[in-house]
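Presented sequentially are two complexes of chain A, the first with chain B as partner and the second with chain C.
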Partner chain A sequence: MLQEQFSTGNSQIHRLDPRFKVVVATVYAFVVALSNRFPALIAALIFSFALVGLCRLDFLEVAKRIALVNGFIIFLWLVVPLTFAGQPLFYLGPFGVSSEGVLVSARITLKSNAILLAFIALIASSTVATLGSALSRLRIPEKIIYLLLLNYRYIFVMEEEYRRLLRSASIRGFRPTSNLHTYKTYAYLIGMLFVRASDRAERVYKAMLCRGFAGRFYSLHEFSFSRLDLIWLVVMTIAIIGLEILEWVKIA
Partner chain B sequence: MHISEGVLSGPVLISGIVLAAAGTAIGLKKLDYDHIPRAAILSASFFVASLIHIPIGPSSVHLILNGIVGITLGWGAFPVILVALTLQAIFFQFGGITTLGVNTMIMALPAVLCYYLFGRMVSKKASIAIPAAFVCGAFSIFFGAIMVGLALIFTEENFLKVSYLVVMVHLPIMIIEGIITAFCVAFLKKVQPDMLPGSSEQISFAPQKEAAGD
Partner chain C sequence: MGENSVIIQLENIVFSYAGSKPVLDDLCFTLEEGTKLGLIGQNGSGKTTMLHIIMGLLKPSSGTIRAFGKPIETKKDFLEVRRKIGFLFQDADDQLFCPTVLEDIAFGPLNLGKSPTEARKMVMETLERLNLKGFEERVTHKLSGGEKKLVALATVLVMEPKALLLDEPTTGLDEDTNIRIITLLNQLDISYVIVSHEYDFLAQTTREIYGIHDGRISYHGDSNTLHSHYHKHAAARTPHHHRALHADVEGACC
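This part shows the complex of A and B:
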């Protein structure tokens, strides 16, 4: 159910300093999110595609993610062109398809996918553990980092716990359908999951105290900013400036 | 219940970030280092529970559970939901960096409201607690959907109909969440009442007495 399948790999992008990747992905995402002109958005999409290409990820997996995340975009395409005020482009039965609506939908589609692909290339190419220590070097409040890392650590445990509960339910003949009994069973199952989590939290915390936990986690990750990072810093800066030029300068 | 990247306008994104940061700051202040392991492990269980698909007619919906997160964690819901959304983005690429603030608000604000509106009621006797839990579950989704709608309308006035549809789509989810929250609270009242607020023990965030004494 839960995997970080994009984090394994040995491409240039995988080897970049995660601190750098987090910062550059954030800047890039905001630049694209705030762009509105088509030349800039199309360029961003192509650039993001190139980034994913350089990561040498499993193409099928990336395609699956893109398809999944575009559900909301498809919903927008179904509704926005029909409901948007503006010049009708053509008529679909009684409904006018507005050209403004089509433009807005197209803009959102380009932006959304450009940001998504860059996220896959720059963020999903690191594990949560690495990202956690990178974020802590970037002065994100420590409590958030602890919450993130411990949450991440126990998601897999809780998932296993859930599977066990579900297995024992199905051994007892539980077949989910849409009726009240199913909802009640799921609710009790979830309740049991919370109770187990609560019990486990108590044990874990005591074990941490026994081992001298004094409110600090120590990370053994050492990050270094290499020459490869420097090259990529230049590449990304040029890309971002390029997008801004396309956004703000009207090319005749 | 989240908005994808690239949909919202700059001002909406920025307001989301500012408000979510404020909520998270309050949440973190109420959450001291000793309670972080507890909050983290509970939130891991919330995360897993939110991946469960519940059948409804020919389709299925996944749970959001922000109502129950709210009544068990109070303001702690802000940092916990922020972290859960971050993990969701890393694992599944749902949501993302620019929308993190808005999406946190969409789920965490209803959660905190649920804490204040229903927190007391769920620890009363069953005839009050169970209906309150149902309303809590349904309200958290409804209010969240309204927030999604507002974020869309503030981005672009012409998104009015889209927003309306978003709220309508969430109506069946509201009912399912209500039912699940009601049964879940009934279960917790029997099995571990101290996870709910207002009970005499109230361990959900209080320090572990034995641990502190050691």
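This part shows the complex of A and C:
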């Protein structure tokens, strides 16, 4: 279950204006994603680590999230060096491991970890509800925001319904194997889930109509840009400029 | 009673879902100001359908709806009805769609044009009124079933409705929440209609009990005479009457 466990805390980063955090995290993510040189990428990773450190989050939980992403990256390391065109670094049996492939994989690893850590620090330190309001203040289209918020609200309800269906199948002796009966059963389960989701959506919409919903959402949150935000604006600007210098200026 | 004191009036309502025989067949129903009314009927008898028609969520194929003395026909008329009549859905998960309790309860007042500050104040007052102080920052999907129901009731009451429609308010709730809801309802000074299949619950929260059968509504009686004592046994949850008082009413048992 989504616990939003990083959103509780009282560090400086937690207290920043969420609108500012959303903007700065986005800019930072672009800068890191578009960098290519190792000094810049390594510096970004260190800086992101520092941000997470300043959030004073549970280290084990952060490690779990990172491990999840790096699980995918392992596959990248298994495939890209063997298939990327370029100078072979060494041979693994009949396969040549290209040095370009290794460099590309290393870049992707550094970039994704740096961006993920920065998002944990800057974005996961607010609740989904707060982020929704922040996005609406940033003039992101309301439909997108409510897609996010309603997803967050109903994903558990749908999960619960899925479990209920699965339970009812298993108490009637359903054991998944790899045969047509299993595939058919899963197809029915998923089909039923869609039917229920659309019924649910209709009921939620009706309930909203009954409370005077007329197509527009209003937000309760009022944000203020404080002195702390100003300080952090300076910190983040310097960090981003620093990364750009490392990326573009050749150090002898 | 004069025209003004009638809150809702349904006349000769016919409604059927696509491809089946009418659920409501020439149904007539009146809710007057100051009445607390129970409506009992079996599954599929059209109880919920009737409430949805009052709120304009379903459109009858014929018949007229009047609210507060005026005929209700257009979409705009129904917007007005929804401002004045609160509707508690059977499944609280349908009603609570915002991430936090505060935002969910504030949704109605904000739609009515209140400022964020006013809305926040109304939420706090409603929470206090329902003994839910401290719930404002709770995440709606993490509440227990009973808490969800009470918060759902808060989302409706915060809009200061002139009348309430409650669809099976006690389904799947524990005894404690049940008692809390009964106490709350008895303290309310607005009219309401409760749809339920639990006779005991209706007897404790309403004065007049009607039955819905074959698409029509019939008067069952005053809840005091129908039911003067409280049952613990399961049979009380099915419609029944006490022979000595109402031998002539259908479904007599015990």
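The working rule: the second predicted complex is superposed on the first by the 249 of 252 C-alpha atoms of A that agree within 3 Å, B and C clash if a C-alpha of one lies under 4 Å from a C-alpha of the other, contacts with A are read in each partner's own complex, and residues count from 1 in each chain.
Following the convention adopted for this analysis, a residue touches a chain if its C-beta (ideal position, glycine included) is under 8 Å from a C-beta of that chain, and two chains touch if they have at least 3 such contacts.
All of these numbers come straight from a predicted model, not from anything done at the bench.
Peer 1: So, A:Glu222: does it touch chain B (first), chain C (second), both, or neither?
Peer 2: Second partner only, chain C.
Peer 1: Where does A:Leu233 make contact in the superposed view: on chain B (first), on chain C (second), on both, or on neither?
Peer 2: A:Leu233 sits against neither chain B nor chain C.
Peer 1: On the superposed three-chain arrangement, identify whether chain B or chain C touches more chain A residues.
Peer 2: Counted on chain A, the partner with more touching residues turns out to be B.
Peer 1: Per the contact definition in the header, classify A:Ala169: touching chain B only (first), chain C only (second), both, or neither.
Peer 2: It touches nothing on chain B or chain C.
Peer 1: Where does A:Tyr188 make contact in the superposed view: on chain B (first), on chain C (second), on both, or on neither?
Peer 2: In the superposition, A:Tyr188 touches chain B alone.
Peer 1: Between chain B (first) and chain C (second), which does A:Leu150 come into contact with in this model arrangement: first, second, both, or neither?
Peer 2: The answer is both, since A:Leu150 touches chain B and chain C.
Peer 1: After the superposition on A, what does A:Leu54 contact: first (chain B), second (chain C), both or neither?
Peer 2: Touch partners of A:Leu54: none, neither chain B nor chain C.
Peer 1: Between chain B (first) and chain C (second), which, if any, makes contact with A:Val128: first, second, both or neither?
Peer 2: both
Peer 1: Quick check for you: in the superposed arrangement, does A:Val204 touch first (chain B), second (chain C), both or neither?
Peer 2: both
Peer 1: Share the list of chain A residues that count as touching for chain B in one structure and for chain C in the other.
Peer 2: In the superposed arrangement, which is not itself an observed complex, chain A uses residues 4, 128, 149-150, 152-154, 157, 200, 204, 206, 208-209 for both chain B and chain C.
Peer 1: If you look only at chain A, which of its residues touch chain B in the complex?
Peer 2: Per the touch definition, chain A meets chain B at residues 1-4, 25-26, 29-30, 32-34, 65, 68-69, 72-73, 75-76, 79-80, 83-86, 100-101, 104, 108-116, 119-120, 123-124, 128, 131, 141, 143-144, 146-155, 157-159, 161-162, 176-178, 180, 182-184, 186-188, 190-198, 200-202, 204-206, 208-209, 215.
Peer 1: In their shared complex, at which residues does chain B touch chain A?
Peer 2: Per the stated touch rule, the residues are 3-8, 10, 13, 24, 28, 31, 33-34, 36-49, 51-52, 54-57, 63, 65, 68, 72, 79-80, 82-84, 86-87, 89-94, 96-98, 156, 158-162, 165, 176, 179-184, 186-188, 191-192, 195, 203, 208, 210-211, 214.
Peer 1: Quick one: which bits of chain A touch chain C in the complex? Just the residue numbers, please.
Peer 2: On the chain A side, the touching residues are 4, 127-129, 132, 149-150, 152-154, 156-157, 200, 203-204, 206-214, 218-222.
Peer 1: For the complex, which residues does chain C have touching chain A?
Peer 2: Touching chain A from chain C are residues 52, 55-57, 79, 82-83, 86-87, 89, 91, 93-95, 97-100, 102-103, 106-108, 110-112, 116, 119-120, 139-141, 155-156, 159.
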